[in-house]
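All chains are identified by letter, namely A, B, C, D, E and F, in their written order; residue positions are counted from 1 within each chain.
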Amino acid sequence: MKNVAVRNIERADAATVEALGALGVATVHEAQGRTGLLKPYMRPIYPHARIGGSAVTILTQPGDNWMIHVAIELCKAGDVFVVSCTSDSTDGMFGDLLATSAKARGVRGLVIDAGVRDIMELENMRFPAWSRAVSARGTVKATPGSVNIPVVCAGQLVNPGDVVVADDDGVVIVPRATAGEVLDAARKREAAETAKREQLAAGKLGLDIYDMRPQLEKAGLIYLDSAKDLEK
Amino acid sequence: MKNVAVRNIERADAATVEALGALGVATVHEAQGRTGLLKPYMRPIYPHARIGGSAVTILTQPGDNWMIHVAIELCKAGDVFVVSCTSDSTDGMFGDLLATSAKARGVRGLVIDAGVRDIMELENMRFPAWSRAVSARGTVKATPGSVNIPVVCAGQLVNPGDVVVADDDGVVIVPRATAGEVLDAARKREAAETAKREQLAAGKLGLDIYDMRPQLEKAGLIYLDSAKDLEK
Amino acid sequence: MKNVAVRNIERADAATVEALGALGVATVHEAQGRTGLLKPYMRPIYPHARIGGSAVTILTQPGDNWMIHVAIELCKAGDVFVVSCTSDSTDGMFGDLLATSAKARGVRGLVIDAGVRDIMELENMRFPAWSRAVSARGTVKATPGSVNIPVVCAGQLVNPGDVVVADDDGVVIVPRATAGEVLDAARKREAAETAKREQLAAGKLGLDIYDMRPQLEKAGLIYLDSAKDLEK
Amino acid sequence: MKNVAVRNIERADAATVEALGALGVATVHEAQGRTGLLKPYMRPIYPHARIGGSAVTILTQPGDNWMIHVAIELCKAGDVFVVSCTSDSTDGMFGDLLATSAKARGVRGLVIDAGVRDIMELENMRFPAWSRAVSARGTVKATPGSVNIPVVCAGQLVNPGDVVVADDDGVVIVPRATAGEVLDAARKREAAETAKREQLAAGKLGLDIYDMRPQLEKAGLIYLDSAKDLEK
Amino acid sequence: MKNVAVRNIERADAATVEALGALGVATVHEAQGRTGLLKPYMRPIYPHARIGGSAVTILTQPGDNWMIHVAIELCKAGDVFVVSCTSDSTDGMFGDLLATSAKARGVRGLVIDAGVRDIMELENMRFPAWSRAVSARGTVKATPGSVNIPVVCAGQLVNPGDVVVADDDGVVIVPRATAGEVLDAARKREAAETAKREQLAAGKLGLDIYDMRPQLEKAGLIYLDSAKDLEK
Amino acid sequence: MKNVAVRNIERADAATVEALGALGVATVHEAQGRTGLLKPYMRPIYPHARIGGSAVTILTQPGDNWMIHVAIELCKAGDVFVVSCTSDSTDGMFGDLLATSAKARGVRGLVIDAGVRDIMELENMRFPAWSRAVSARGTVKATPGSVNIPVVCAGQLVNPGDVVVADDDGVVIVPRATAGEVLDAARKREAAETAKREQLAAGKLGLDIYDMRPQLEKAGLIYLDSAKDLEK
C-alpha cells in the first residue's frame, strides 16, 4: 500500500453538517435506513457531548500516531478526525497536546478505533472523543500510514468528507453525497416522533398507534390470561 | 416454542418491593445467600439510580423489539422490564419513545441483556436502564417472542413477578415467594453492617472483629517480618 | 506456594510519591520510558480521582477476599492496595466496609484486577478504586493467599513498596528504586509539554515543532492534491 | 443459599436419551422450537464427539471443584455432568483423575461453564467435554456448592435429569418432561431434511422449495440486473 | 436502505483467482501491501482447507438467514459467499442444507461474520467455512437484506466480485481490479521467500540477510554480555 | 526504557528441562504450588505438541517483529521463544521463515502473546507455537524492543533462562532456580496420581480416597433424598 496524504477533500455543506449534528445519532441512523452506525464499543470519554463534523480520515499502524500529526495540517474548522488502525489497538494515540493543536485549527472532536489519554484534560477543554479504550500507553512515530483515504473504522466504511455525527449513543456516518436528503428524512422523522411522543406520554399504546395487533395475531402471538394456561 | 403473552402475573407485596429497592443490590444479594445476581456486564446508563420493582419479563429475537410494545400494555405501576434475547445482541432495542410510553404507565426502569439508545434523553427523564450495551442500532418488528414467561437474563433465571433490585452495583433478582424473608434478612444484615462499620471506622480490624487469626494460622498463613525472610 | 504475609516493606520517599501522584499517569508513564502501565481494562469507579501511593500487594484466590483483611493490618497511611487474583475474576471483593477500614488506616485507594462493589458509597466517601469490573458478587474467606509479595496485576509486575499512580487514564507503577529519577524526568517532561502546548495552542504544527517533514518524506509518505491523484 | 446434594433424580427414558443424542444438537434444537441451546462459547475439547445423556447438575464456587467429587457418587451410567459456577471462571476444574472416576461410573461426558485440563488424556480415553476454556489452573476444595439443583449453565436453565445433547455444534438441553415429544419432532424434522437435501443436491433452489419469492417481493426485495442500476 | 439483490456482477479472471487461492493468505496479504485481511476472529471450521473464489456478498439482519437463500440463485461455480450482519451475531445462519445447495451450484466455501452449524457434516462434505462462531442457533426468514452490494465483513470492505483467499491463517480480500498485479507480486514474493528459506534453513541469520545490524544500532539497540550489565 | 539485547543467560540443567517437558503443564503447575501458568487464552496452533525448553524472552512493540530476528542469534539448541508486546496485539509476528531460521538453530517452539501465521506450514515442519491468535497480519521492523530481560507474558512473569513447559493444556513457567525441586515434586505427584488413578478406575470414590465426607459435613453440605426435600 502506498502511504499518501490527500490535501484537499470535498466536504458537505456546513449548515447541513451542523443540522445533522444537532439531530443526534439515533435519529440520523434511522433516517438513512438504519445504516452508518459504528460498532457500540465506541464510547464517549465524557457524557453529554454531541457533535457534527466532516471526516478527515486517518489510517495508522498500531502503536504509532505519526499520521495524526500529518492530519492536523490538512484539516479545516468543523472537521472531525476519524482514526482507524491496521490492526486492533487500544494504545493512547491522542492526548491533550494533539487536542490543543487540533482545537487551535477548529477540529471539533475525535473518533478513534484505538485509545485516548489525558481524558480529564480533554473534558476540561471540551474536546470530545469517542474511542474503544482509554489508555495512557504512549506511541511511536516510526511508520507512515495515510490521511484522507477511505477507511473502515469500527466496522463502518468512512470516506473523507463524510459527515460524522456523535453523541452519547455512539457515532454514525452519513455519506457526503446523501447528507442533504438524510437531513430531510431526519427532520421528518423527528417531527413524527414528537407527535408520537405526545400520544405515548398521554398513555396511548404503541400497539394501537402502529396498529400492531392484527400483525401480532397473524405472526402467531397468543395471549393467555395467566401462567396456568401455559400448561394447557 | 409457542409465542405467548401472559396478561396477569402475581407480584410481591408493594411495600416489600420498595424496601428491597432501598436496601440496594449488594445487601440484598448477600441476604439471600449470595444468589440472584446478574452478570457484571449489566451496567447502568447513568450513575446513581436505585430502583426496586416487579419483573415483567420479555423474550425477544435479536434485532427485534416487537415484544416490548406488547409488554407495555401488560405492565402495572411499579413494574420493571426484564428483557432477554434468544441470542446475544447489543442492538438498541429501547429508546426515548418506549421510555415515554413505559413511564406513562408507571414502569420504573429497564433491565435488558441487549442495547439501549437515547440515553441522554432517558437520563433527562430519569428513566433508568441497566444494559449490556449502549447502541443506536435500530430494530425491526417482524418476529414474535413472549411476555411474562420465565427467562434467563444475563445468566440469571427471572420469573415474571420476581423482585428486581438495581443500582450502581448491578442488578439482583429476588424470587417473589421469598421476598419477605429476604427483606428480613437484608434488614438484619444492614443493621449488623452499621455496627461493624462504626468499629471499622474507629480503626478496629476485621481480623479481630471476625476473629480470623486462628483460622488463618490453621489455613497455613505465615507472617514474615520482611521480604528477606522469604528466601529462608 | 507458601502463603505469606510480609509485615514490613520499604516504601519510596513520601514527598516523591505525592509528587508523582500529582503529575498523573500519562506523564509518569512516558517519563519512565513508556513502561509500567496496567492494561486499559482497569477503569476508575468514579471520574476525576487522582492518587499516588505506595503499593501493598495482595494475591488472592478468585472469589475469596480473605487476604484483604490481612493486608489492612499491614498498611500505613499513604498506601494503596494492589490486588491480583490467581485467575481472572470479576467478583466484588471490596466494598464499603473494607473501604471504611482501609480509610481509617490512611489507605488512599484500591487497584484490583477483579470487582468492586458499593461503588456509590465509595464515591460518597471519596475512596477511589480502579478495577476490571463492578460487581456485587459476594466472596468467601476460605483459602489464604499472600500479602506483600511480588504480583502481576493487569499485566504489570508490582513489587510491594512500588509507587502507584492512578487517575482517569488508568494506573501506572513506578519501581521504588527509580521513583526519584522518574520524578525528575516527569517534571522535565511536564515543563517541556507546557512549552509545546503554548506553541500548539497558537496554531503552530507538531510537524514543524518536531521537524517531522523530512522523516516523513524519507519514510515514503506522498502528498497528493486530491483523491483523483490516487488513481494515477 | 443452603448447600445441598440431592441423591435421587428422575431421568428421561434411556432409549429416548440415546436417540436424541444420535440426532445431534442442531436438529434437536430446531425440533423443540429453537430453544435450549447453550451459548456458543461452549466448545468441545476435541472434534467429532457426539453424546446424549441425563444431566447431573453441579453448582460450584469459582476456583473450587469440591462438588464434582460429591457428584460422582450420585451419578449413574448414562449421565452427563453439567457444571455451573457462581461467577465466571476458566479454572481447570476437571482433569484426567476426575474423568477416570466418572468413566468408571458410566458418566458419558462433561459440560462445564469453566475450564478443563488434561485434554489430551481425555481425548485418549474418549471422555468428551464441552467447556468455555482449556486451562491447567488448579482448584481448591474449600467451599461447598450444590448437586442436582436447577442451575443456569452458559445462559441456559438446566434441571437435574434433563437430557443433554452435545456435539461439534455445541450443547442443547431438552427438558425431561418433553423429551419424548421433542424426539418425535426431531425425527420428523430429520426425515423432512433428508428429502430437502436430495432436492437441494439436485440443484433445486430453497427459494422454490419454500416458495419464498412472493414473500421476498412483499417484504420489499428488489432485483437489479447490475450494480449500475443501484444508482438510479 | 433499499433491499436489493444484484443479479450480475463482474468477476476476476478464473485462472487468477485459482492462482491466488493456491498462494495462500499470508503471501497474498503481504503482496498487496499488507491490506485486505479480515479480523483474526474469523477462523476455519476445520483445519487445512485453502480456497480462492469470487465474492458474492450478502448483508443480513442478525438472526435471519433469508438472504443466503436469495444469494444461492445468483452465484456461479467458483464463487465464495461473504456474509455480513447489520450487527454482531453468532447465530448459526448456515448449515448442511444450505451447504448442499451451494455446493450443487459450485460455490467453494463460506466466509461469514456470524455463526455456522452442522460443522461435522460440512467437514465431511468438504465445504469449508470461516466464521466468528460455531452455533446451532436457528434463524428466522423475516426481514430482507441485500445481495451483491459492498459490505464490511470482519473489518474489511468487500465488493461483489472481489477475490477471496482463505486458509488456516484466515481470510484476505483482493479487489477485482488489482487481482492480476497482486498475483504477480505474490509470485515474486513467493520466489524470494523460497530463496530466503533456504538460506535460513542453512543457518544464515535474518540479521545478515536483511542487513539489519546497522539499523538496529542506529535505532538505539544496545547489546550486553549479561544481565549484570543491565544494572550499570 | 533502554532497548537491550542480553547475549548470555543462564539456563537450567538440560536433563531437568527435558524431564519437566515430559511431565506436562498440569502436573508441573500443581507441583510448584499452582503457580506459573499463563492465561488460558494462550492456545497451541495444532494439537498434541508437548515441549520443555529454556526461555529466551523478547519484548516487542505491537505490530513490529524486529526483535525476534535479534533473538534468533542469541538462542541455543533447546530454547523456546517467549514473546511479549508492550500492548495487546494479535498481529502475525511469526511465520514459516522465522520458524525455519529458529529450527535451524535448535529452537523448540514459540510462546507469543500475539499472533502467529503460516500455521499449516509450522504444523508440517513440527514447529509448535502457543499464541493468543492466528493472524496473517504483517508487521514492520521499525522500533527496537529488548531480548532477554524479564517480561510479563500472558499474565506471568518470565525471566530469561526460566523453564517453559507447554502442551495442549497451555503454558507454565518454572523459575530456573527452582527447576530441580519442582521436578522432584512433579515426579512425586505423578507417582501419587498413578496410584490414585488405579483406585478411581476401579470405582473407588475421591470422597473416600481423600476422606472428604467429614469436611463436607462440617462445611455445611446437606444430603437430600430427592428434590421434594428441598422445599421443606
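A few comments on the model shown:
Here is the rule we use: a contact is a pair of C-beta atoms (placed from the backbone, for glycine too) under 8 Å apart; a residue touches a chain by one contact, two chains touch by 3 or more.
Small disclaimer: the values here were computed from a predicted structure and weren't measured.
Any chain that touches chain A and also touches chain D is listed here: B, C, E, F. By number of C-beta pairs in contact, A-F leads over the other of A-F and B-D. Residues touching across the chain A and chain B pair largely diverge in numbering: under half of the numbers involved belong to both copies.
The geometric centre of chain C is 39 Å away from that of chain E, both derived from CA atoms. Our note on geometry: chain E versus chain F, Cα centroid distance of 30 Å, whole angstroms.
Residue positions 2, 34, 86, 88, 90, 135, 137, 142-143 of chain B each touch two or more of the other chains. Going by the touch rule set out above, the chain pairs that meet are A-B, A-C, A-E, A-F, B-C, B-D, B-E, C-D, C-F, D-E, D-F, E-F. Interface of chain D with chain B (complex): residues 1-2, 32-35, 39, 86, 88, 150, 152, 155-157.
Against chain A, in their complex, chain F makes its touches with residues 61-64, 86-91, 135, 137, 140, 142-143.
Those residues of chain E that touch chain F in the shared complex are 25-26, 29-30, 34, 37, 40, 43, 47-48, 50, 167-170, 172, 193, 196-197, 200-203, 205-207, 210, 212, 215-216, 219-227, 229-230. Interface residues of chain A, counted against chain C in their complex, comprise 2-9, 46, 66, 69-70, 72-73, 90, 92, 95-98, 100-101, 103-105, 115, 117-120, 133-138, 141-144, 148-149, 160.
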